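What follows is a pair of complexes built around chain A, which joins chain B in one and chain C in the other.
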Partner chain A sequence: MSTETGAATGSETSRIHNIGYRAYDGPRLGRAYARRSLYSQSLRGSFGLGRSTKSKVLPMLLLGVMCLVAAVIVALAIATPNTTQLPIKYTSFAIYLQAVIGLFIAAQAPQSVSRDLRFKSIPLYFSRPIERGDYVLAKFAAMVSALFVITAAPLVILYVGALLGKFDFADQTKWFAQGMVSVALLSVLFAGLGLVMAALTPRRGFGVAAVIAVLTITYGAVSTIQGIAWTTGSTGAVPWLGLFSPITLVDGVQTAFLGADSAFPGGEGPGAGAGVVYLIVVLALVAGSYAVLMRRYRRVGL
Partner chain B sequence: MYDPTVARLTYRALLGRRRAAILFVLPALLIVIAVAVRMFAGADDQVASDVLGGFAIATMVPLIGVIAGTGAIGPEIDDGSIVYLLAKPVKRPRIIFTKLVVAIAVTMVFSAVPTLIAGLILNGNGQQIAVAYTIAALVASIAYSALFLLLGTVSRHAVVLGLVYALVWEALFGSLVPGARTLSVQQWSLALAEKVGGGGAITSDVGLPVATVLLVAVTVVATWYAGQKLRTLKLAGEE
Partner chain C sequence: MARATNVDDVTVIATEGLSKRFPRVTALDRLSLDIGPGVTGLVGANGAGKSTLIKILLGLSPATEGRAAVLGLDVSTSGAAIRERVGYMPEHDCLPPDISATEFVVHMARMSGLPPTAARERTADTLRHVGLYEERYRPIGGYSTGMKQRVKLAQALVHDPQLVLLDEPTNGLDPVGRDEMLGLIRRIHTDFGISVLVTSHLLGELERTCDHVVVIDGGALLRSSSTSDFTQTTTTLAVEVTDSDTHPDGTDALRKVLTGAGVKLVGLNGLDAEGLPGAGHILLVEAAGEETYDLVRDSVAGLGLGLVRMEQRRHHISEVFRTEEAPAAHLEARTAPVSAGAVLQKGSGRDEH
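Our next item is the complex of A and B:
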């Protein structure tokens, strides 16, 4: 754009009136810079940094709850004499506190994308040198990072506490690494699903409800049916039912590959064979949500 | 106290287009589960009670209550179009009352009716379980709608607050701290269901008289206070 006007200034004589506008000749930071800025702004925004005090309350509270629970567990483990390991596994932590994680993604995913849609600021983003893919990638990566922060921080507290308590270093490090892989997988999966639900509605309130519905309602339904299947003796069906809700998917993958104890009724987690199916479903969901987001932003607000 | 025009606008805001989808998905899921469980496990009173109590009353009713209760007024306050309604010569408590009636009606239709159908599918109303849970859903609809409508007038983050109440307080604290169950709409409505259902299939932690008093008190106070809030409503900018 600006280069054309720069070229037009060559014919000074044809100008009736020159009001002295100058073309911008400073450095152009380009697409990668814009993408990085969008990423860091979105990531900071998920924790309310750079926004009003009111919007810091909820994310910080949820992060605080996660860390506080981890700190209490560590304190109890160290205070109890003769303990050689933490009372819960690293991989179980996110499963126990899934309600907190669910609330975080439900509150922050619509905050991240719905407002851009509602206030029609999307065209402003695309007037910068970024493309659709950059926007989706930046928002996706920011949401994954935010979720990773809130799920990994308590694990780090547990790990540091375990090392301070002089628990076995090799064991703790291995389990900690498994826990980190599992929360990374959870972050990617939840961020994808949350953003898809949020991007479908410009209304923040409905976005929040839709995200919670996808995460919690499916979990409620799946665990209810699993409980019934287990009590009625169809234990073979329990692992397969877990395919139908995000948190049980993560549970299944980490039970099969990351040495976790399944939270399914009776601990009937999937074996390695079914675990592969779980992993495929998780990857398909992540790829699917990325594709849906790309499709969603192909023609929006323009 | 009931204003047909306000009611019509609220119905359209609640059931218009995509918003209604989530309202249809939840009941459909409940019925699908009921059919699956019936084929899986056959008719069993305890299983029926587990499904209706664990999924319908504990998860579905509060969620529909949040959507209908906050959705009846939240979006209007959010985008500022409430000023056109408030500028009309209609009393504020009257607006609240009308919106409450609409929210209750929507919540009842989308939660109590599927509960009844699911209950009939599960065990054909054995031991009055279907009817008992339907009554619980009806009563809970009233209290939830009033509560979440109030949240809608008080806060911009009404949906999140409502979900925190429904998920964290009722589900998480309710299962860990016994005292929290005394202050939960779910348990109050189950107290009524306990009275109707036979054979001890349904249990509540609250006595019937206490539950009734608390239900009525919460509904009336929430509605009154929402009316007061609307009289002094300040329209703030977006954060």
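Our next item is the complex of A and C:
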């Protein structure tokens, strides 16, 4: 084509502008591929990739904050002489920075599901090979992955820093692995709750508020009552109260099984027995979230 | 268009005694259809069962009884396979405003199973075919209704389906946009070789676009015939001419010539009696066939007048009922409660989210 010059150009351009309809004979990759495409589009969308610059600001900022805090902790640990371990445990990091994680899920869960509901794009998905379960699964998995990225990245920084600081390799690796399991659990739980709240409130602003409310109000209430229970001497009640907010649930599970120090008042975390109850509640919440989402989308078929 | 000829003998949509009953409403009532390749219009009043039929054809809603097949695939067992080969354009708004038409259609192409590169190429092609050029890179929120309808059409065509289901594609468009959309729908079959099922509550606009028109009411088949059957009995031509020095009243002069040639006029002395501005200058002529068009053209030229317009008058679905003569009144009385119920059922929010 590039060798065409002069008079030929005229006919050449007119041909290009009128090439007619071309049928598609290539592969159609079907349902599993469509589900994967929806997953990757949703995951990228959670960090504003493939969207406007404006929508990249908040998620990138939050990811930056998480990583920056981890980097500062590492820097302090290495700079301080005679330290043999990091100043905080891997499992405590997400608990300390729960507000940042809460903001992320509050902003991104509505972005992921409310848009399709609000602008009624759902029928366009369901008139294609994927089915309701594929849609819910892809959105759920994408949100879990996004949360895992934002919670696991700082742990990786801590771990790399700890190895650079020549802290004990075996201990660090074990604690790092425990931290990863903990944030994975947190990601699944928060993603489920966040998506349910967002899917039930198609107006995006309400969705953000609803997610923040579920995460912070329950945490505020639970920690206040725990505080009262502890100061009035009913220490036995403290571990059980933790069952009523998402972040204290994660705290309880990791205290019982992942060698974490509980952030509950007086460090009164649940033992192994109560820990099983915690784990059951977490799994029930995740399963419940999935069921609610499936139900939600049954009504919006077409 | 080798493919178009390949499917010539195949039935595109077939239903047999198809019924869909909701607790309080019968949406489809033993509907049996046999739709071949080409452009088929599905006409019915609101609540006649058009959307319910589309849902069943896409395999998204099980029929209460009866069978349906699309492209030879049973809707109850091969839903996913059907949806891979069929495009669907919903009636309502379905576009997110904050991303561009290109990004949106690429995503939808991938959701139909097209690999990433093919999705991009097909998107560029399809958007050009529906008439979206530079604006396709701008967010959809800033588009006019006509442009949004084109994006909706593009997402239904992007995976090169064998059949597209278009639900009220001309809704909300002005007359020019309507004509452009109808022209585009015609091209989907003639140029792209894709069969079309298009719904509307206006019979007039479909009879010019479609090869075949199916009229349903209250979920039951009212009439199914090729469009020539409709046009032979119902076409009215509206003719408007200018005046000239030799003929100070051009409309009157033309009327005399046409009646002299034996053409039947419609309405009061052939004048449009609807009382619209300028209506007195529009002559309504009954068109018996192609020769009437030629006669009008020749008469106008012979008188030396300017032809301002000559157009087919649009018909409303209700005219189908009127042509059914005596049974029509009785039929409407029978179906009215069903239609009312269907509207109620829609209003109750089942279709909403």
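One rule holds for everything that comes next: the second predicted complex is superposed on the first by the 276 of 302 C-alpha atoms of A that agree within 3 Å, B and C clash if a C-alpha of one lies under 4 Å from a C-alpha of the other, contacts with A are read in each partner's own complex, and residues count from 1 in each chain.
FYI, contacts are C-beta pairs under 8 Å (C-beta built on N, C-alpha and C of every residue); 3 or more make two chains touch, one makes a residue touch a chain.
Remember, predicted model here, so these are calculated numbers, not experimental data.
Engineer: Quick check on the superposed pair: does A:S52 touch chain B, chain C, both, or neither? Answer first, second, both or neither.
Structural biologist: In the superposition, A:S52 contacts both chain B and chain C.
Engineer: Touch test for A:V208: chain B only (first), chain C only (second), both, or neither?
Structural biologist: So A:V208 only meets chain B here.
Engineer: Between chain B (first) and chain C (second), which does A:A229 come into contact with in this model arrangement: first, second, both, or neither?
Structural biologist: So A:A229 only meets chain B here.
Engineer: Touching A:P129, do we find chain B (first), chain C (second), both, or neither?
Structural biologist: second
Engineer: Quick check for you: in the superposed arrangement, does A:K174 touch first (chain B), second (chain C), both or neither?
Structural biologist: In the superposition, A:K174 touches no partner, neither chain B nor chain C.
Engineer: Would you check which partner chain A:R295 touches, where first means chain B only, second means chain C only, and both and neither mean what they say?
Structural biologist: A:R295: touches no partner chain.
Engineer: Identify the partner contact of A:R28: answer first if only chain B is touched, second if only chain C is, both if each is, neither if none is.
Structural biologist: In the superposed model, A:R28 contacts chain C only, not chain B.
Engineer: Once the structures are superposed on A, label A:A106 by its partner contacts, choosing first (chain B), second (chain C), both or neither.
Structural biologist: Only chain B is touched by A:A106; chain C is not.
Engineer: Once the shared chain is lined up, is A:I217 touching chain B (first), chain C (second), both, or neither of them?
Structural biologist: Touch status of A:I217: first partner only.
Engineer: Same chain A residues contacting chain B and chain C, which ones?
Structural biologist: 51-52, 55, 115, 119
Engineer: Across the complex, what residues on chain A touch chain C?
Structural biologist: Touching chain C from chain A are residues 20-24, 26-31, 33-34, 37-38, 41, 50-52, 55, 115-117, 119-131, 202, 299-302.
Engineer: Taking the complex as given, what residues does chain B use to touch chain A?
Structural biologist: 18-19, 22, 25-26, 29, 33, 36-37, 40-41, 47, 50-51, 54-55, 58-60, 63, 66-67, 70-71, 74-75, 78, 157-160, 163-164, 167-168, 171-172, 238-239
Engineer: Along chain C, where are the residues that touch chain A in the complex?
Structural biologist: That would be residues 3, 51, 54-55, 58, 60-61, 80-81, 83-84, 86-88, 90, 92-99, 103, 107-108, 110-115, 118, 122, 125, 129, 155, 159-160, 191-193, 351, 353 of chain C.
Engineer: Please give the residue numbers of chain A that touch chain B in the complex, ascending.
Structural biologist: For this pair, the touching residues of chain A are 51-52, 54-55, 58, 99-100, 102-103, 106-107, 115, 119, 200-201, 203-206, 208-210, 212-213, 216-217, 220-221, 224-225, 227-229, 231-232, 234.
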